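Next, two complexes with chain A in common: one pairs it with chain B, the other with chain C.
Now for the complex of A and B:
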């Protein structure tokens, strides 16, 4: 027998002040998911420059990478991807019924780990570019 | 306390596929980021270096499977998010059709690009 807990309608974003940790995890997972699938379409479009020819591909990639804003967006993409991965692992555990009592703590851990990994990656991502 | 929280119930094929692709993507997405931002710097990428990676059959197949899994997982996620928001009836069917066409187009284009990168066209 399972027991349900009525948390109210999460799709009603106007209730955001009442949201619990798990509800925030749900919203962040949706938000990062939308960003990632949007990026996948953009990514394939950019890589499609390879169809034009080797030179067009190399120039497109290196031209984009020379832009400061692209590097900043890449750091943002990393943060979004790392959170989605870590919270995704948390969700797989929840689905398997593992560590349910700590589901709120594992959400906070996902956020902290995402911040640490993102900040630690900034020097690598911003290497060789200036404003 | 409930005795069972698991939502693993029989019958939900796309639900299960969403979890299977998730487990695969966790590993391959981390690998992809690590390979193209830390092992190789994204700013140093050239067609020649991309081709050197892509002409390895194992890498090529991993990338195509990565594309298929990512597309399914992402588009199925978007579809389910819209259904959760109350999408139903004809609108639901139209959205499903549009998302399916977009997915097939993305996978076809991505696979073609990978073939070009590998030099197999």
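Now for the complex of A and C:
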């Protein structure tokens, strides 16, 4: 055994078709968690326009909200937040040792619920914007 | 071997009757696992009868010039009813290429030496029916471990982690031999540790865990489960249990687990690894909580 071969990280994203529910839940939770952190900074940036005065803030908000892409991003943000919260509750249950045998089902449930809530929110977010 | 075909239940958990009546989560999980296995099998073996199975086997040998660069070799093995992945690679070795190297011994899921990465999942070669799998069947060495030759991986690190939790019974006040006193364990306590005692050191769980892959010092599911087996045993004293929890709650102990359930999915002995790790996390928290 003079030498051996290191295959490195084999379960990379090239194998995504083989990932199980728990693995997907983990990936999505990381992703959504960091997306929310990212949003926090843009959120602060927008809010701090109020420092210059009320008009600056109103103009910033109105300018942003008139953009179609911002509305789409808002829907995305909602989806990300809802999934993170629902799956976060699932993880809390897992930490408490409750319903470990249903961990895959609860992941699918959070996905479905996220989808429903997101779709239901679309009319509200898209109200009064033109492409 | 072929009895497993019709009645998968009898293969793995002969003493599940002990648990009858009490519908535990673990039992439900086992039932689910079995059901999904039966589904896969309904692809039906009779379709395969008289056929050949196409397997692709990972090859590597640092001492042979044309095998220094890893590659896959194809073998076509005649199918027999009840054939396992291990049977197939053994046939390939005995018939086509005697240099094909892999570990095996008991052929009945006891020794834990033939865990391979089969069609993208850690499985025991001797416990996996070829008829369950999609062809060509890709057989690779366990991921995240150094490959020594073909399907043989270096297990040293895994064994080091297993030994790190001091996996043996310790008791500061073992009864005097002259007393000839028994150290009794209650039935309930035996049930509690039952699943955790079944580990066969195959390293499937460790190999499936992508936290363990990224953190070489992480104890890993098998070692933590080993510690659980002793920490939860009533016969060990409180002091020893404290000592075990101290090992487990270190930086690379239980807290690395992020509940992906990968280990629980692959364990060939159906040990509820995530459940055990989570329970030890709670034990560690309880030990450190002080309200004064």
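The criterion applied here is as follows: the second predicted complex is superposed on the first by the 116 of 131 C-alpha atoms of A that agree within 3 Å, B and C clash if a C-alpha of one lies under 4 Å from a C-alpha of the other, contacts with A are read in each partner's own complex, and residues count from 1 in each chain.
As a working rule, contacts are C-beta pairs under 8 Å (C-beta built on N, C-alpha and C of every residue); 3 or more make two chains touch, one makes a residue touch a chain.
As the structure is a computational prediction, the values presented were derived from the model and not from experiment.
Applying the stated contact rule after C-alpha superposition, one finds that A:78 touches chain B and leaves chain C untouched. In the superposition on chain A, contact is made by A:20 with chain C only, not with chain B. In the superposition on chain A, A:124 makes contact with chain B only, not with chain C. Put chain B and chain C next to each other and count what each touches on chain A; the higher total goes to B.
By the document's definition of touching, neither partner reaches A:116: not chain B, not chain C. Contacts of A:95 after superposition: both chain B and chain C are touched. When the two complexes are superposed on chain A, the residues of chain A that touch both chain B and chain C are 1-3, 11, 91, 94-97, 100. The residues of chain A lying in touch with chain B in their complex are 1-3, 11, 30, 33-34, 36-37, 40-41, 44, 47-48, 50-51, 54-55, 57-58, 61-62, 65-66, 74, 78, 81, 85, 88-89, 91-92, 94-97, 100, 121, 124-125, 127-129. Residue ranges on chain B touching chain A, taken from their complex, read 1-8, 19, 22-23, 25-26, 29-30, 33, 37-38, 41-43, 45-48, 50-51, 67, 70-71, 74-75, 77-78, 81, 84-86, 102, 106, 109-110, 112-113, 116-117. Those residues of chain C that touch chain A in the complex are listed here as 25-26, 28-29, 32, 60, 62-63, 70, 117, 120-121, 140-141, 143-144, 146-148, 154, 208, 210, 213-214, 258-262, 265, 272, 274-275, 278-279, 281-282.
Listing the residues of chain A that touch chain C in their complex gives 1-7, 9-11, 15, 17-18, 20-23, 25-26, 91, 94-97, 99-101, 103-104.
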